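Here come two complexes built around chain A, the first alongside chain B, the second alongside chain C.
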Partner chain A sequence: MTSRSASAAPHQHIGWLAAAPATVLLALLLIGPVLAVIVFSLTDWQIGASAARFIGLANYHELFADRVFWTAFVNTALYVAIVVPGTVGLGLVVALLIEARPSLRGFYRAAHFLPVMSTMAAMAIVWGSMLHPTIGAVNRLLAEFGIAGPNWLRDARFVLPALAMIGIWQGFGFAMVLFVAGLKAIPQSLYDAAAIDGADGIVDRLRLVTLPLLGPVTMFVLVLTATRAFEVFDTVRVLTQGGPNFASEVLLDRLYTESFDYLRTGYGAALTVVYLAVVVLLTLAQARILDRRVHYA
Partner chain B sequence: MAGLSLSHIVKTHGPTPVLRGLSLDIRDGEFLTLVGPSGCGKSTLLRLIAGLDAPDSGSISIGGRVVDGLRPKERDVAMVFQSYALYPHLSAYDNIATPLRIRRLSVLQRAPLFGPLMPGRRAIEAEIRREVEQTAELLDIAPLMPRKPGQLSGGQRQRVALGRAMVRHPSVFLMDEPLSNLDAKLRVQMRAEITALHRRLRSTFVFVTHDQAEAMTMSDRVAVMMAGELIQLGTPQELYDNPQDLRVAEFIGSPKINVLPLNVLSRAATGASAAECDDVAALAFRPEAASLCAPEAGLATGTITAVENLGSDLFVHCEAPRPDGGAPIPFVVRQAPSSRRVVPGETVGIAADRTRLLRFDARGRRIAERQERAA
Partner chain C sequence: MSVPAKTYRPDWPGLARHGTLALSVLFALAPFIWMLSLSLKPPQEIFQPDFRLWPQSFHGFENYRTALTTVPLHRFLFNGVFVCATIFTLQMLICLPCAYALAKLRFRGRDTLFSAVLIGLLVPPQALAIPHFVLLHLFGLLDSYAALILPWTISTLGIFLMRQFFRGIPDELIDAARLDGMGEFEIIWRVMLPVAVPALAAFGIFSVVAHWNDLFWPLIAIRSEELSTPALGILLFRDDEAGQFLGPLMAGATLIVAPLVLAFLFAQQRFIDGISFTARS
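Presenting the complex of A and B:
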């Protein structure tokens, strides 16, 4: 027994040693900053100030009483609710279409993937000019059909859907590429078996083979898209700054405004903590629900 | 129940011809095996019968009905795939029930969420349950019904795949190398089970394999295919005793038939007896038709390389050198274990039973015996 514990001890050291690089990096880059943010959120520190006062949960009290915070929260949720199904749905449909037609497959794949590769801040400016109420391409096109387009980014009713469309445009190429990879992994023999069993229509094939076997990919795409949608910031910052009248204010833009425009670092830290908590909870819930319904081969 | 008739089937994949005008009649209720080396077109042929691919030309009829252009589900065939192709997200029960559900339930009754509420669905589901359970009982897999394919062993998956094929009582069963993913012991057991199933169902079975042992043990008739052509069709015994082509002779039987190319060995070495006919290019004889004799006394002289004692049989492996210095010609001679002990390295003569000597011409075609030609 003694000899065993004696020989186990060096093994333990080696184990820790092997895990050390990852542990140090994790502590330095992830756990440390999160702890720091939590500590900041309990103070009234302003960036650059030499002293800070511990004020307990006062920042959180103020936050939850703030109407603008709740507007940003609801807007972010709405944005996610539009962008996630839109991105996943469009990505899947485009992937299915690309796979169904072998000609020009590579071209379509690359073309649809381009938005993912582009710099969103720059693309936002392009979208800004396209969505211009009088000289923008979108409203000119609508005018061709006799429709008077709204002032997309200055109208409280349209600004959030317009931003969501840009979000979908940017993200669906990524979902599409993942779905194409997933489709390639489905063995042809399953489609053959389905044809023999009588499922040779498009709907039956999708239900019996394609969608169930894309389950793991779909799960991955959903979590990823949801997380990215939650992080919406650059389009809002460049195009609307949360306006008009906070109609497009989202959590990250609020965070930026409070922390760097008003330099209220403590308050911004509290916002960050709430934001992180929401993202973590959502990811966990999603993984839970989907894991039960997803088949991993 | 239905026979199958294939006439002049041609199929090419791009520039490569896969099937070159193949014709074949399969009798009603027959167990026919398509056998041949990989790439000979046997699996392609099966897919054409199933309707998964269309031939470039030629016609297929099942049970007297021309099925060209019909979709797989309209052909009344079932197929068992090499990979089993079970739906991985469905339980064994649902896998077997799938063909019945798709055929019997309407689109609305199969719809998600409200499908189970549609009128008539309960009665049909109860009927399906009865039939699936009956099939599971027959295959001895009833306790496995709630499991997903991932939780089943290879043999169990195989049975579920058979169940899915059987449950709707098709007139023709198509099987694409269904045993090749099983281990050796299970393969032998499933051979027996599939032949028993055939006797019981009395349906037409078309079985594809590259394993000549499966073809020999399971089939009523065997069709040997090479390079997209049907070389010979016959009972296993006919193919073994009376191959019409050297490739058939070499493919059927284990250990392989002994082949003595005459163009390499000198007339003197092979003995005058061989050269009864001028166009004979090769002599072939089965290991059990061969015997050992004194050096220089038989058809060839060689060195023993290995002796395999299987208990019931003793296989003596020899090599005869080629006079032109090429790779030596291998021979296998079957002996009774009680016969004279030989050791590797010994030089022996190889003789053959003259009545069981098969003669082939330069293109590998069988040359009939003299007395047959005379008759």
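Presenting the complex of A and C:
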């Protein structure tokens, strides 16, 4: 090695040696597969078949002409549209209440965080029994108020809101923890300054200090919740498999069904590419919004 | 009479706070309470029109025994521990040197490699399911522990987090180690690893929680009952004849959920930090 390149890159060998295992796996398990899935999507390959034909964009034409795909797309969007405001709103209110006073803070934080930790497949089964039309906890509770609850998971009108409620249940404790961290970062001096200006009521403090300063955290929680909601799968697979009549079909469940139940690899790959494109676009758009927001603050 | 009157004045804001939070706690905990309650009840009591928290005739013993004997629940739990521990160990062995190189070493191609890591962060794991399935199929590794573990050995999130962490460590520490005659790999494992324990713990908790709870990939990769992970195992139990009865099913769910929940209760702050720290990247 010449001395010039050695000074520009003094760790040429050792650097690549240290990064080698990760680099190989990155190429083999991440970059390669992304390229592979794009190639698969242009073929009619089915796993196990010895030959595949290149069929151009035929899979994509079929996908975009498929009503079930669009149903899944709209359902996923609706699910996100319910879960995001529910999770963020509830998380914010709970965080404000918890941080308002020291009493029982630790207990409240832990109790709300428990759903975040729990295995969704198992808890979905529990929710399934709670949403049972006759013996479930939810309809028993509604009956106390004289309301006859529906068959939540078998009724096309209620199945998506019911799944969204489970989504909110699982996520709002996480939103709460992030909001609490944001609240702790607000310096006491700002509240003191606001008090000198005459803003010492709860509402004034909230309106003038807390909420504006939580702006960046709120953006972040929104982004995170939306991304997670977009990836909804466990509850759908365990409880409804997309039913009744595709009323709760979502993108990832569609992807799973086509690729691994029907083993339509090429078609599933096209679905994957569309899914990937949506996720990447959303993430990039969100990163841009986040950047702008953070500079404001 | 001698006690000042203000002691008796109710603390309305405080009570309103507790009242509201009690409702949201109830929402958060209701499924756990329901699950535990049903796991202790005989079938006829579950179908009774009036609901009691505690069973009239205790049936917990029978329910948990049924759950443990119809499907190998202990096996699912062992698989969960084994798979999660192996994944995290490999992630650490692979990510740490790479993160160190990206943060502290200067070599040509470093920026390209880091860009690749950042691109990797954008890719949701579900999008890789088909190629991973095909790859494992080619090597005849489907339906094995390897199928559960190998796809997760590379974690771009792990590399990214550890790189950010290492960048915050002063170069003087590394220079001093080099002056002591340490090689770069010795520095990674004997100097950087101990310093990085808090960050590693945070990432480890995130990784273990994610893989213990994952359903999507085990559903694809595993066909054999004895290789099932906890999340997959509880579904096998539900689809079994004995799982049609809610009592044993809830007992099974309790056993699947319990390890992480107990670990969380013992180290709450670590878990909360771990999961929110990792999300912040």
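What we mean here is this: the second predicted complex is superposed on the first by the 260 of 297 C-alpha atoms of A that agree within 3 Å, B and C clash if a C-alpha of one lies under 4 Å from a C-alpha of the other, contacts with A are read in each partner's own complex, and residues count from 1 in each chain.
As a working rule, a residue touches a chain if its C-beta (ideal position, glycine included) is under 8 Å from a C-beta of that chain, and two chains touch if they have at least 3 such contacts.
For clarity, every value in this text was computed on a predicted model and none was experimentally measured.
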| item | value |
| --- | --- |
| First, second, both or neither for A:237, with chain B first and chain C second | second |
| Contacts of A:245 with chain B and chain C, given as first, second, both or neither | neither |
| Touching partner for A:255 - first (chain B), second (chain C), both, neither | second |
| Touching partner for A:98 - first (chain B), second (chain C), both, neither | second |
| Contacts of A:34 with chain B and chain C, given as first, second, both or neither | second |
| Chain C versus chain B, contacts on chain A by residue | C |
| Chain B versus chain C as contact partner of A:280, first or second or both or neither | second |
| On chain A, the residue positions that both chain B and chain C contact, one per complex | none |
| Contacting residues of chain C [partner chain A, same complex] | 13-14, 17-18, 20-21, 24-25, 27-32, 34-35, 38, 46-47, 51, 93-95, 97-98, 100-102, 105-110, 113, 116-117, 119-120, 122-124, 126-135, 137, 150-151, 153-154, 156, 159, 184-185, 188, 209, 212-213, 215-216, 219-220, 230-232, 234-235, 238, 246, 249-250, 252-253, 256-257, 260-261, 264-265, 268, 271-272, 275-276, 279-280 |
| Chain A to chain C touching residues, read off their complex | 5, 8-16, 18-19, 21-23, 25-26, 28-34, 36-37, 40, 47, 90, 93-94, 97-98, 100-101, 103-104, 106, 108-123, 125-127, 129-130, 135, 137, 140, 169, 172-174, 177-178, 181, 202, 220, 224, 231, 233-234, 237-238, 252, 255-256, 259-260, 265, 268-269, 272, 275-276, 279-280, 283-284 |
| Complex contact set, residues of chain B against chain A | 47, 50-52, 71-73, 77-79, 81-83, 85-90, 98-99, 102-103, 107, 112, 148, 150, 164 |
| Chain B contact footprint on chain A (complex, rising order) | 187, 189-190, 192-193, 195-200, 203-204, 207-209, 212-213, 215, 295, 297 |
